[in-house]
Structures are given as structure tokens and as C-alpha cells.
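See below for the structure under consideration.
Order as written gives the chain letters A, B, C and D; numbering starts at 1 within each chain.
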Amino acid sequence: MSDQSLRQRIHEIIFEADTPAGKLFDVVLLGLITFSIIIVMLESSEDYNEQYGAFFWYTEWFLTIIFTIEYVLRLWVTIRPLQYALSFYGIVDVLAILPSYLTLVLPNAQYFLIIRILRLMRVFRIFKLGQYLSEGDQLRRALVASRNKIAVFLFSVTILVIIIGSLMYLIEGGGNEGFSSIPRAVYWAIVTITTVGYGDITPQTQIGQFLSAIVMILGYAIIAVPTGIVTNEIINTNKQSEVSTQVCRFCAREGHAADAIYCKYCGGRLNP
Amino acid sequence: MSDQSLRQRIHEIIFEADTPAGKLFDVVLLGLITFSIIIVMLESSEDYNEQYGAFFWYTEWFLTIIFTIEYVLRLWVTIRPLQYALSFYGIVDVLAILPSYLTLVLPNAQYFLIIRILRLMRVFRIFKLGQYLSEGDQLRRALVASRNKIAVFLFSVTILVIIIGSLMYLIEGGGNEGFSSIPRAVYWAIVTITTVGYGDITPQTQIGQFLSAIVMILGYAIIAVPTGIVTNEIINTNKQSEVSTQVCRFCAREGHAADAIYCKYCGGRLNP
Amino acid sequence: MSDQSLRQRIHEIIFEADTPAGKLFDVVLLGLITFSIIIVMLESSEDYNEQYGAFFWYTEWFLTIIFTIEYVLRLWVTIRPLQYALSFYGIVDVLAILPSYLTLVLPNAQYFLIIRILRLMRVFRIFKLGQYLSEGDQLRRALVASRNKIAVFLFSVTILVIIIGSLMYLIEGGGNEGFSSIPRAVYWAIVTITTVGYGDITPQTQIGQFLSAIVMILGYAIIAVPTGIVTNEIINTNKQSEVSTQVCRFCAREGHAADAIYCKYCGGRLNP
Amino acid sequence: MSDQSLRQRIHEIIFEADTPAGKLFDVVLLGLITFSIIIVMLESSEDYNEQYGAFFWYTEWFLTIIFTIEYVLRLWVTIRPLQYALSFYGIVDVLAILPSYLTLVLPNAQYFLIIRILRLMRVFRIFKLGQYLSEGDQLRRALVASRNKIAVFLFSVTILVIIIGSLMYLIEGGGNEGFSSIPRAVYWAIVTITTVGYGDITPQTQIGQFLSAIVMILGYAIIAVPTGIVTNEIINTNKQSEVSTQVCRFCAREGHAADAIYCKYCGGRLNP
């Protein structure tokens, strides 16, 4: 087998998922990635680490070596290796093996291996989950379309929580440990206005509780704003793919339903 | 009375709710199920169990025997018993009596009796609450229609909380008991991003609180996404019954937009 | 002044708000009601009650006597007193004075005086806030229209939280004080799924935290459902009052904008 | 250079952002404002204040003097100084320097300097972020349009939480420190119904927890209402800019629906 055809064959196995071998490779890869993420998560738990520390260490290096070989192969079989290396997945693939080598100089660097999870996003391509991709794309477009409104909204909320936090610092700051500085009070304001409500910092004075109550009801009202923005965009994005882009030859009007055969305004036959 | 007609009569009483006897049977059954669920719930409370333990025990067995007889009858009167046994309600009916018998070998198995609550879903059929069923169906269809988008959304959120959790583990892990492992930190990230906010695990360092604040505001923005998805689908599902009821005189097809003048399938003029 | 005309005059003052005297009466009444609610709220606070207990007691009786006189007058000047007495406001007016008299036999009954707050709802009529009433009515209609869907949704959520609560009781029940009975565990499930998240009961075991995380993400997804339902109905209710009910005389098509002068389909002049 | 042209030149630099000098001035100003806010926030933290107290003090006075000079210049170069002084930004500009001078008589007044953050809102004009302004304006119009409905909603919620709080005070008030007065119980009701859920006050009795559960599910349902209102208005506001841009040839009026064939004002045929 010539070097050329070998590279082409490996390319097919690694990058494509159409052949049985290619599909098998991808499924095994996804399994190994998931397995490696679970290992990293368990390793962080002291109990497990004491018992299975050695096993975790060997497994991690074993997986890292496999992923390194895979990365080198990907570089080798690609016709323009640099283009792959600088693509989103190319960068993720490097970041997914780098932390292991970093542990040689930096202890605890292995926790950055969690970045491997981004490699799982390949799952959609592998299992031909094209419709999911298009759904995800629709969501993405809705979020992009609403990004200006969201930015204005977040800017206003930021100004609001800083003012509220400062006010609460003045009211509660004296005796309440939780409001000992403005940044902490702003943290409290964010915890409150987003309705997370940890309860690690709570107002103690009557006037503080009164102001908090107003902040909560305010948060109640403004939580509606991003929802309204995104809902509006999802409805718009959705509507656009439901109306065909066909233009009637006779009256030149658009906006026909995707299943329309005749123009709904003049009755002319639409182009098939 | 022949065996045949007896079976048919019992079938009518047990499965239908059109005759007075059938309705009475169903109402009594719903009452017994509700009663049995309350018994199981109270039994789990130590205070009540000490006082009324014996009463609970007898009642439970009494109800189990009744439900067993009912199940055997249902099998007997059905023409294709296997089909019933494998249907949703057939399986629920078995699961609703099994735990009692399991207590003979497994103590505490009686708490699985709570599965009986699924039998209450028959209430809609019994009281002819057809419109509720259709409303429920409309909701169900909206959820089914949005299931791909929801899946993509949940997949993205899962990746996000694992990355956020790992980051917080690195930041807070040292001194804060709550972030002692990545899985715990991921649990915290979920508690935070869903705005539940128990407060059992909270960031203590300034940089941890700063990152938390960003996570909360992020959660604030992305809580809008599932709402937008579901709202869009409910509006769509609802709109489908808003399409005009006009039928084309020429091709007899329906589904024309409310403002259509010509049939979108054959081009014939719609009735004004 | 004849008895008849006196009754009519008092009726005008008490029930209407068109004359200066009627408006003054209503404004004073709203002020007294608000004042009386503040008194009841402050009285419940031990600190204030110790200091101003006597003042609170006298004020409450003073206001009760005034409200009693007002109620008797309302009965006297109404032509069909029974109809007023059994109307919503008639019942609220009685409930607003009854607790004071009850304190003669039942201590602490005065806290029920808080029901007086419902009398404040007259504020809309008094200040001619008609548009608010119509807005409120639009909201009310949207909620009524979605009541079937909401009922199905709440029924499903109830079944869900009972099953989740029982499962968590089995998992956490042993060592965790918070999950000591199924009803408590169901209370936890409701606190969690509604994203309130007090944190007074939290899962301690790893499997319990894992299940909680799933419940939270579930709650995240299903919080979208009632929002979707209500939003859909508000949009529908809103749309109905935005499209004029005019039908074109020439082409008999409806759905014209409220400000349309000519039919947008055939160009015929719409009836003014 | 004449006094007149100097004033005009300074006006250009301070008020406009079209010339390089004007843009530079604005960027430096935004930087100084942000810097000054960070200083005030850090100063409130005791740790930082002990270490860098003197530095904070000098920086604050330095910035205040700069902002004072800027304010005087703004007054000087404006043709109608009073109009500027009474405008929104004019008032904010004064409030942004006043607290520093107040510290001469009132210690701690410097925390009011946080009001400077409102000056940051100029950022949109400076960087020609016109589209953001229009987005913000769209949001603002949606909120203004829904203000009546929101007001009715908040009024109803206020009545609701006072009634719920009083009820909980009666149920839990005896033994539970958290429900020691009606105002505290109302504070709890607001914390619960908005799903913030601090957990600083929680019901202890079984009947209290049962009522809380109902309140939470209620809150779950009514959180949908403001979302529905705002979403509806955002969709409406958005739709208005979806109206076709066609102008009637006959009466030159705009605002026709996207599918209109004839002008809805004069009945003339629209251009196809």
C-alpha cells in the first residue's frame, strides 16, 4: 500500500463516519473521551483518589498517549495540516492533551483535561444527527439576533445591581457581616435579582428587608425581559423557515407557505 | 347468567364509565388509590408509624388484596389479556400491587407503592374530562415538537456546567469544603445556573464570588431559551387550529391561510 | 330634608365617586383602610406592641366603629340591602369588621383584620382607573382561557413531585434528617422544582445530589410550560382586540386593522 | 483665538465625539469614571482601605477636582447653561461630584459617588452604538406599553403576599423565630413567591410547609404572567417594524400590512 493511499485510508477512518471502520473509530473515540472525563472528575474526589490514585494516573497517561497519537495522525493525514491545527476542533484537540504534559512541571494541571468535553460535540456529526445541528443552529441564530438587546439589558442590570448593592451596603453595612463591602453587597444583589437566593448573605434590618423585597419584585418583573427577547427571536427565526422564499411569476408577491403550489394572492402557478 | 355475559358485564363495570355501576366502580377505585397513597406517605413518618403502625399495615394489605382481585378480574374479562398486561396501564396496575408482596422478602419495599399514583391518571377518562385530555395532548405535542431543540439545549448546558464546575473546583477547592471534588462543584453549578440556589455550597473567595455572579447572570439569560422554545411551539400548535376552515371548491383541500383569496394547491378562487 | 332624599344623598357619597363629597369620602376611606392595615402589621411585632400596645388597641376599635357605621349606612341606603350584603364587596366589608368583635371571645383574632386589604381593590373604581380595570380584565381572561391547560400541568407536576419525593426518601431517608418522611421529601421536591431552593433540606449523599441535579434541570425545562401557556393566551387575547370586527361590504373579508379605512383585499371603502 | 471660538472648540471636544480630540476626551472620561467607581468599591472593603486608604483618598479628590472642572466647562460652553444643568445628564454630573464635598461635613458620604456609574450611559452615544440605543428604545417602549398590566399585576401580588404572610404568621408565629411579626412573614412570602428562597426564614410546622408548597406552586404559575405580558409587548413592538415599507402612490401613507394589496387608507392599489 502506497503512503498516499494509506494516508487517504486513515483520513477516511479518522475524519469520516461513513465507512464501518470510520464509524467504529468515532464511537470508540467518544467512549474514551467520556471515560477520560469521568476519570478526571473522580480523581478530584479525595476519597476515590486515595484508593484508586495509581489506577487514575496510569489510565490518564494511557489515554493521553492514545489521544496524542490520534492528534499526530490527524495532522499527518490532513493535506493542509496548519488549517486543521488552527480550526476550532484542532485547538480543542491540542488543549485536550496538553494538560497531561503540563503536570510534569505543574501539579494539578490535569484538571484542565476537562476541556476534553468539548470534543464530545463531534457526536452530532458522527451519528448523523443533522437535524439536531440545524435545530442548534436555529437556536444559535435566535441568540445572535437578540445579542444587541441582551447586551443593552445586561448593561442596564449591571448598573442597577451596583447601585442597589451600594445602597444596601450603606443600610446594612454596619452590623451585618455579609454586607461588609460594596463588592460583596453587589454580589448579594446579583444573587437576589437573579432569584438564585443562596441565603449566605441576607438583610437583617427592617429597612434592609424592605428594600430587598422591592429588589425581588423588581427582579420578578425584569426576568421577563430576556425571556421576551429570546422568545420573540425564536418565533421570528422559526417563521422565516416556514415561509418559502418563492416569488410569484405573475404578481411577484412573496410569503407563500412552504407547501403552496399556487400564489395565494393572484392564483398564478408558482414555479415548482 | 352465562360466563360470557358475566365477563362482558364485569368488563363494562371495570373498564367503562358509562353505566352508573361502572362510574361508581371507578369513583370508589380512585378514592381507594388516593387513600392508599396517603397511607404510604403517612407510614413513612416515624411519629405516625409508631402510633398507627398496625393500622397502616392492615390497611395496606387490605388494599393490596382488593387491587390484586381487580387486576385478576381485568385480565380475566379482557379478550386479549396479554395486550392489556403489556399496555401502559396494565404495567402500572402490576407495579401498584407488586411492592406489597415484595415486603415479604424486602423490608421497606412498600414505599414503591407510591407508583399507584400513576393510576390516578385514569381520572380524566372517568369523568369525561375530554377537553382536559385534548389540552394535555396539545401540551404534549408542543413538548414533542420542541424535543430536539430541548435536547440540544440540555446537551450544551451539561457541557457548560461541567466546565464551570471544574473551574470553580480549581478556584475554591483548596479551602472550601463545599467544592471538595469536581462532581460536587458541578452539582453547585447546576444548583446555581437553574436559580435554585440552596446555599449549602457557596463560594467564599472573592474571585469565586465574581465567577458565580457571572454564572448567575448567564443562567438568567439562558433560562430564557427553553421558555422561548416551548412558547414558540405552543403558539405554533395553537395556530394550526387557527388556519381557516375553508375548503376549496375545485380541489377540496383545506389548510388555507386565513387571508388567502386563491387556493394554494390548485389556484381556484376560494369562496369569498 | 326628607328621609328619602337623605338616603339618596348618602348613597351618592358612599357608593359613587363623581361628586366632590363622594370622592373625598372614598379617599378618606382608602386612607383609613391603609392606616388600619399598617396598625395590624405593626401590632404583630412584639417590640412595637410593647411600646404602643394601648395606642394600637384604641386605634383599632376606633377604626372598627367607623367601619361598622359605614357598613350599616351602606345597608341602609341600598334599595336591596341583601343583594349588597351578599355581593363580593358586601362580604369583604363584613369580614373587615368582624375580627375586632371576635377578639372579645377569641384573643389574636385581630390579625384576620388583614382581610381589610381586599377593600383596597375599590381604588380602581374611585380614581377612574378604568383602563387598569380593562387591563386587569384582559389578564383575567387570559388566565381563564388557559385554566384547563394550567390544571393539567399542575396535576402532572403533583404526580411528579410525589414520585420524586418518594424516591429521594428511599435514597436519603436513612441518615438525612431533612428527608425523614415522604411528605417532607415531597415538600423538598416542590421547593426544588419551583427553583425556590430554601436550602433547609438538602441532599447529602452523592446519588441524592445526582438525582437532585436531574430534578433541577427538569424543573428548568418545565418552568417553561406555564410561561408558554400564559404567553400564548395573552397574545391571543391581545390580538382579538387589535383587529377590528368590520366586514368589507364588497368582498366580505374581515381582519382589517383597527385604523383601516379601505378593505385591504378588494379596495372597497369600509363602513365608517 | 477669540473667546467665542474657544468656547465653540471646547464644546466640540466635550459634547461631541466626531473629532479625534472629542473622541479622545470621551474615552479618557469613561476610563476615569470606571476607575473612580472601582476606587469607591474597593474603599468600602476594610482590608483594602487599611492598606491603601491614603491612596484612595488622594485619588478620589483628584478625580473629583477633574470632574468639577469638566462640569464648570460644560456649563461655560453651553449656550443655555440652565437647560443643561436641569437635563438628566446635567443632574447626574452634579450628583457625581457632590458627595466628595459632602464628606467635609458628613463622613461616609463618599459612597454616594457610586451614582457616577450613571455617567457611563454616555458610552452608547460616544461609540456611535446607535443600534444599541434603538434596541434599548424598543425594549423601553415594550416596557412602557406593558406598564398598566404590570402595575395591576404588582398590585394584586402585593395584596396576595400580605394575606399569605398574615396567614403564615398565624400558623408559624408561635414557635418559629422567623415569623415573629406580620411584616417579617410578608417578607418571607415575597422571598418565596419570587422563587428567591434565601432560606433564612423557613416554615417548621407541617401545616406551614403544606401552605408554603401551595404558595410556591402558585408562584410558579404567576411568574408566567409578567413574562407573558412583556413577551407580548416585545412581539408587538417588533411587529410594528415588520410592517411593509410600501408607500401608497395615491395618498402617500405608510404602515400597510405586509400582505396588503390595496391601500387601507384611500383604497388605491399598492405597487405590486
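Here, a contact is a pair of C-beta atoms (placed from the backbone, for glycine too) under 8 Å apart; a residue touches a chain by one contact, two chains touch by 3 or more.
Molecules present, by chain and UniProt name: A, B, C, D = Voltage-gated potassium channel.
None of the values given here were measured: they were computed from a predicted structure.
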| item | value |
| --- | --- |
| Both-way neighbours, i.e. chains that touch chain D and touch chain A | B, C |
| Steps needed, at fewest, to go from chain B to chain D via touching chains | 1 |
| Copies chain C and chain D touch via same or different residues, half shared test | different |
| Centre-of-Cα separation between chain B and chain A, whole angstrom | 28 |
| Centre-to-centre distance between chain C and chain A (centres being mean Cα positions), rounded to whole Å | 40 |
| Touching two or more other chains - residues of chain D | 183-184, 186, 195-199, 223, 227, 229, 231-232, 235, 259, 261 |
| For the chain B and chain C complex, residues of the former touching the latter | 37, 40-42, 44-46, 108, 111-112, 114-115, 117-118, 120-121, 131-132, 135-136, 138-139, 142-143, 150, 154, 157, 183-184, 186-187, 190-191, 194-200, 223, 226-227, 229-231, 233-235, 238, 258-259, 261, 272 |
| Footprint of chain B on chain C - complex, ascending | 148-149, 151-153, 156, 159, 162-163, 166, 169-170, 173, 180-186, 192, 195-199, 202, 206, 209-210, 212-213, 216-217, 219-221, 223-225, 227-229, 231-232, 235-236, 251-253, 255, 265 |
| Interfacial residue positions of chain C with respect to chain A in the complex | 195-199, 227, 231 |
